[in-house]
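The two complexes that follow have subunit A in common; it is paired with subunit B in the first and with subunit C in the second.
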Partner chain A sequence: MKSLSFFFFFIFIISVFPFLCFSFNPESPTDRRVLVLLDDFSLKYSHSIFFNSLKSRCLNLEFKLSDDPSLSLQRYGQYLYDALILFCPSTKKFGGSLDLTAVIDFVDSGHDLILAADSTASDLIKNIATECGVDFDEDSSAMVIDHKSYAISGTEGDHSLIVSDDFIQSGAILGKTKIEAPVLFKGIAHSVNSANSLVLKVLSASPSAYSANPESKLLNPPLLTGSAISLVSVVQARNNARIMIAGSLDLFSNRLLRTAVQKAGSQDKYHKSGNEQFVTEISKWVFHERGHLKAVNLRHLRVGETDEPAMYRIKDDLKFSVEIHEWSGKNWEPYVADDVQVQFYMMSSYVLKTLSTNGKGLYLASFKVPDVYGVFQFKVDYHRLGYTSLSLSKQIPVRPFRHNEYERFITTAFPYYGASFTMMAGFFIFSILFLYNK
Partner chain B sequence: MAREKSSKDNAQALFNSLRSAYAVTPVNLKIIDLYVGFAVFTALIQVVYMATVGSFPFNSFLSGVLSCVGTAVLAVCLRIQVNKENKEFKDLPPERAFADFVLCNLVLHLVIMNFLG
Partner chain C sequence: MARILARFLVLLLVVSICEAAPLFQPISDSHRSAALELFTLDHGSFKSLEETYEALRTFQILGIEKKPDVTAAACHSISETVGSLSSTPKDLFYALKANSIAECKIHAKASKGIISSLNSAVSGSSSLLDFYYSVGGLVLIKDQSSKDDLQLADAEGVFRSVKAFSQSDGRWRYSSNNLESSAFAAGIALETLAGIVSLASSELDQSLISTLKNDISKLFDSIEKYGDGTLYFDDKLVDGYEYKGPLSATSSVLRGLTAFAAVTTGNIDLPRDKMLGLAKFFLGIGVPGDAKDFFYQIDACACLDSNRVSIPLILSLPAAVLSLTKKDSLKVRVATVLGSNAPPLTVKLVGVFSSVSKDASLVESQELKFDQGSGLHILNDLLEIIDVGSYTFVFEVVLQEPDDEKVYVTGSQTKVPIFVTGLVRIENSEIVVLDSDLGSVESQSKLDLTAKNAVSLSANHLQKMRLSFRLTTPRGLAFKPHQAFLKLRHESKVEHIFVVGNSGKHFEIVLNFLGLVEKFFYLSGKYDMEFTVGDSAMENSFLVAIGYIELDLPQAPEKATRPPLQAIDPYTRYGPKAEITHIFRAPEKRPPQELSLAFLGLTILPLLGFFIGLLRLGVNMKNFPSKPVPAAFAFLFHVGIGAVLLLYVFFWLKLDLFQTLKVLGFLVVFLVFIGHRILSHLAAASAKLKSA
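Presenting the complex of A and B:
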């Protein structure tokens, strides 16, 4: 009897578990429903390792062809998906109600995007990338070629299958474990405007790479060369939407994920390329499983009290606290860092203090209100590579001393007190002398 | 040279004549003059102090200076009214002048105490 009930319980759990995975909880920011657009369904099998790794992390993938007439991202004003993967580089026009504006609106509303292009990239895909801040090479027949840093394979090709290990230094984006093996790449180049602070080059080409047509002779010097060529970039928008743009669809393919890598000219041979670790870690970052911060409970109070006052007086002592949590993929963990700062701001910062943490996500600072009155703001601005940006502010007025809050006898005024009292004494003595002199 | 000598001589002669004229004034008027001098001196000290330290409790500064200047003015008025050589106040008894002086000083010092802060 006991084993039978246990058996039924087990079956129940097995059948319910997928639904538990699929439930979307607004308190957990990891994306759940992902729409994957493909050029043809053979990509489902040629990139199965990547898709299976996404599915194993509780992501609900829906595969559709890019010209499917029933495509739509939203219905009745609500978005049907949390993220979009565009593995359809040669699509000139999306089916259904999807177009460039719809994709950009999807990203603008805070949702994530993974875009992969390759040498067959259409103008639509390149325009989506340009809207996100990344410029692909305008020459549609150009590919990234590197005659020094290419992968040695069985056939001596045109050096367009290149090897790169120039990663961005960020534990949030690429994970804490260092990617030992270099990454194989075959596709087109893009460049990133260095004035744009929201776009980051995650994988850059080596200094000997350039973007040109591998089949024809090079007539003019190529426009994109060296480390200015970005192979994979990410954009973290101000509303914390995360976009990944890669110039190669093969970067995600099973073939490159499983191949051994040997860079031309070097003796190191890696039996597995770094592609799998690279795409897995980046997809974790893009889908908000890592590097997602939230700040709650911004509180301030006067020293010695327990409630937030409605107004401070100049030269008050106050304590400021905020809690910052980081999403670990499953639950909120306390975020530990030593460079979170708070400003007491009115037109310019009067007080700037680094918050100290107790290790459990609570950040504290105490300082004295400056000798200026007005309407101030507590501002916490935290922008770090790979983490969501925090911009918190809380307004509070500061009043000057009330009439009876000054010291009773002001030290600098003692001479004046003394003068008036001596004048009174002088008047008294004078009147005696005046009256009684003979 | 003659001109220099004469200007120095003139100054000396002026000073001597002033001193001899002043020596004749009655004692009570000299007491009043001394009192006025004391009040003005105290006011000057306060102004110099404010110029160095700054005018932070400005109301206290005004109150202190006003007390000195006010008593100086009232003492000058008393001197005018008490002076026997003054034709204008021939019929005013000096007691009446002194009583006015005391009353005005009382009011002045009341105001000063209030404004001193």
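Presenting the complex of A and C:
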């Protein structure tokens, strides 16, 4: 009997499980439906650890060949997927209705993208990257080579399997736990467009790296050298769409995820490379499982009151509060930081104040309304490395003093008042005496 | 075609270790540790008997000692499945398979029950998988209980009905009404037929066996191929449901082939290279991250290791990077796919080709010495004649016993890329500033390129800078590194890179600043210099800071190109902004309170003077009306005036203008009326007085 009830419970859980996992909820920003485009299905085996880690996080992966004629990102104006993984570096043309503009439109509508290239990268893949602010090396035979920080290996001697531990310092992107072991990389170099402020280098090459063809002699200086080479970059668009661009498809492969690593010239041996932690953490960021903020309950009050006023008077004391939460992949948790700022803004900010926090997501500040009247805004513009940007504003008018709100008994004016009142008293007595004196 | 090409490229990337010739390594310890990671227990047992079998089989093949202990849990579920009447042939099949490794005791009565139920399942089967499970179950029971009398009643009839699913191209269908044929099904069919042959009471018709052998060679004709000799089976993707991928299909075919070859006599006629190509496929995958794929790989390797057709031997090198400084010797290992030792054989080094000039072999053909202890073939003194660089070594494997050649397949020549590394000597490094026209040395400094230098130079645009050094290999020959860069970095982070060229051993670069002025964007100031020399054959690749050079360049003309934009540091871009507090308008200046109060006192003085004057004048009230009515009016009139004045006081203290005017309105009407009465009374009185 007990086993029977357990069995029914199990069936219930199994049947509910897909809903728990894949039901769409606007309150949870994590991506659910992911389209994975591959050059070859053998990548499913060779990169299975990465894919399994995504599946274990409730992501619904749909694998397709990049030249599948039925490829389409949207149907009847609705997007079928929340995110796209392009593990098809050599694809020259996508199948179906997918092309460069379709991918860019997908991102422009707030969806996420992971793109991995390698030395076979086609123009199509490079163009997608260029649209995102990342320029791959134009020399198609070039690879990243580093004769100083390469991985010591018994089988690979051309130093194109390099190690890098030059990560971006951001807990939002790479997680709170430090990546101890260096990351193995074998692929092509790219540089980030310096005019584009949205793209960030997540993994940079060491100063001795350069991008060249290992087979041929170098006659001209390579286009990309040293720390200017970005190995993995991320972009967070203004609509909070997240893009990750890696110059190596092998970075995600089981082979590099499971390889022991020792950097040349270093005695530290790691039994496993940092790749697994790196790709897992960064994929969490890309799929909005981390670093996604929301601000709610933006409130402001006159000190001593409980209702939100429709208007402030100059020199009022006011209290401003806002709640900020971070999405942890499962639920919203209070976001704790000490650098959230509020602006009291009209054409330019009149007051810019750092909010104090109670550690539970509530941010507070109190200040005096400036003695300038007009239509002001409370503005919270929060842009931090790796986090989605918050831009809130709330309009509020500020009026000057009313006629009866000025100061009434000014000591300096007492002589004038004294003169008037004595005059009045004199007049009163004079009027009596004038009429009745004889 | 494009698809095949793309697949080929990807597989090369995924699989290959080097560009030239991929080197396949046999199953090693990384597989063993991955196996323990992949097959994890869920509450002390595996999820299903199928998974239990796969885990146990994988552990058995890999010879893992420290495996999780699941025998008790497995035996429990095996005996449960075997004892239950409702178990399907599939459940029984996997239970028996798991039992073949777990070796639990099965009740004699239960095994009798299974035999009868499986026998009836065989006769009632209509699809390939039904036959597979029921026949497979019977074979397993026969093996486990060593019942020689267990036989299939109508073996030949069953054989024919299974054979009916076969297709002309060597592939098989799952059932008669399913039109799709697949290689995966072919593997299953072969295994089933092998089971039928072993269960047959008498020798089967030889013509059946030979048609089947024919089918197998047809199946192997449709094998797919990558450019590097890797072979695999792949099913056409008709719909996603049946598709299981090349790994499962190839593994299935190999299992079927091995089983079939084990029960038949005589040769199965297959090209020998095909088994080697299949071995390359399974080794090329690396370590799959999925338990099922892992099992397919390991199981297929076990089939390759012990089949009757031909056992592939894989040549691998423990290290393809050999160091001259460590005096490494060339070691080659020849083993089966699972890493077990090969039969006696000799490994020949046929040739060594430099990556630069690929024409002639650098050494003569020679044999490697076999070291009994380590099982490696070693060549010690080779590195004494070879300098640093990258080479392609060509090996040939020759079996010593002619009989072994029927059992094993070695492939022809194997090309292996090898890197020979060593310490490169750096000498005579110096940096000089020269006068352009005369070539006279202005300042000269020696450099130590193994440590950081702090040279400080200065030059103007009419001068030149020269950096020179010598590189020699351990054998005293010229060495041309792949990377020899001089990098100049201006304070504004604009970088310029120059490749240092050579003539023989001597390396030199001359920077003529006059010609570089435009390239340097006319930016005068401090340039940090960094020098990098690196090569894959160089063990002492270095990146050193040399110091700086202070350049004095002419002013930029108006049309000169501007230096490119430098990326802003993301950490500064995202920091909090400086706080802003509003500066309020300062209140107007006021005199001190005391002064105002003193003047307040002064304003009372005229009133006092007025009172004193009145007293002096001797004012009286004799004119006040004596009659009660006028007196009352007079009194009310002055009360009214007093009220107006008092209203003014209240106006000052608290009332606003509107309140005041309202009250004043009433008071004024009252005053006009009363005032008129009293004033007319007073006027009449005074007129009467005058006329009198």
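Here is the rule we go by: the second predicted complex is superposed on the first by the 400 of 438 C-alpha atoms of A that agree within 3 Å, B and C clash if a C-alpha of one lies under 4 Å from a C-alpha of the other, contacts with A are read in each partner's own complex, and residues count from 1 in each chain.
We take it that a contact is a pair of C-beta atoms (placed from the backbone, for glycine too) under 8 Å apart; a residue touches a chain by one contact, two chains touch by 3 or more.
Owing to the predicted nature of the structure, the values given are computational and were not obtained by experimental measurement.
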Exercise. Considering only touches as defined above, state whether A:Asn275 meets subunit B (first), subunit C (second), both or neither.
Key: neither
Practice problem: Classify the contacts of A:Thr30 with the two partner chains as first (subunit B alone), second (subunit C alone), both, or neither. | Solution: neither
Practice problem: May I ask you to decide whether A:Val192 touches subunit B, subunit C, both, or neither, giving the answer as first, second, both or neither? | Solution: second
Practice problem: Based on the superposed arrangement, let me know which partner A:Met424 touches: subunit B (first), subunit C (second), both, or neither? | Solution: both
Practice problem: Considering only touches as defined above, state whether A:Ser164 meets subunit B (first), subunit C (second), both or neither. | Solution: neither
Practice problem: Examine A:Ser233 and indicate which partner it touches, taking first as subunit B and second as subunit C; both and neither are also allowed. | Solution: neither
Quiz item: Which of the two partners, first being subunit B and second being subunit C, lies in contact with A:Ser204: first, second, both, or neither?
Solution: neither
Self-check item: In the superposition, subunit B vs subunit C on subunit A residues touched
Solution: C
Quiz item: With the two structures laid over each other on chain A, which partner does A:Leu218 touch: subunit B (first), subunit C (second), both, or neither?
Solution: second
Self-check item: subunit B and subunit C footprints on subunit A, overlapping residues
Solution: 410, 412-413, 415, 417, 419-420, 422-424, 426-427, 430-431, 433, 435, 437
Quiz prompt | For the subunit C and subunit A complex, residues of the former touching the latter | solution = 2-3, 6-7, 9-11, 13-15, 17-19, 23, 25, 30, 34, 245-247, 285-290, 293, 317-321, 355, 390, 417-419, 421, 480, 482-483, 485, 487, 495, 497-499, 530, 532, 534-538, 541-543, 564-568, 570-571, 573-582, 584-585, 590-591, 593, 596-597, 599-604, 606-607, 610-611, 614, 619-624, 634, 638, 641-642, 645, 648-649, 652, 656, 678, 682
Quiz prompt | In the complex, subunit A residues that touch subunit B | solution = 410, 412-413, 415-417, 419-420, 422-424, 426-427, 430-431, 433-435, 437
Practice problem: Using the touch definition up top, name the residues of subunit B that touch subunit A in the complex. | Solution: 27-28, 31-32, 35, 38-39, 42-43, 45-46, 49, 53-54, 56-57, 60-61, 63-65, 67-68, 71, 75, 98, 101-102, 105, 109, 112-113, 116-117
Self-check item: Partner subunit C, residues of subunit A touching it in the complex
Solution: 39-52, 65, 67, 90-91, 118-120, 145-148, 153-159, 168-169, 192, 194-195, 197, 200-201, 207-208, 210, 212, 214-215, 217-222, 225-226, 228, 249-250, 253-255, 257-258, 315, 339, 341, 343-344, 349-354, 367-368, 370-372, 383-385, 404, 410-415, 417-433, 435-438
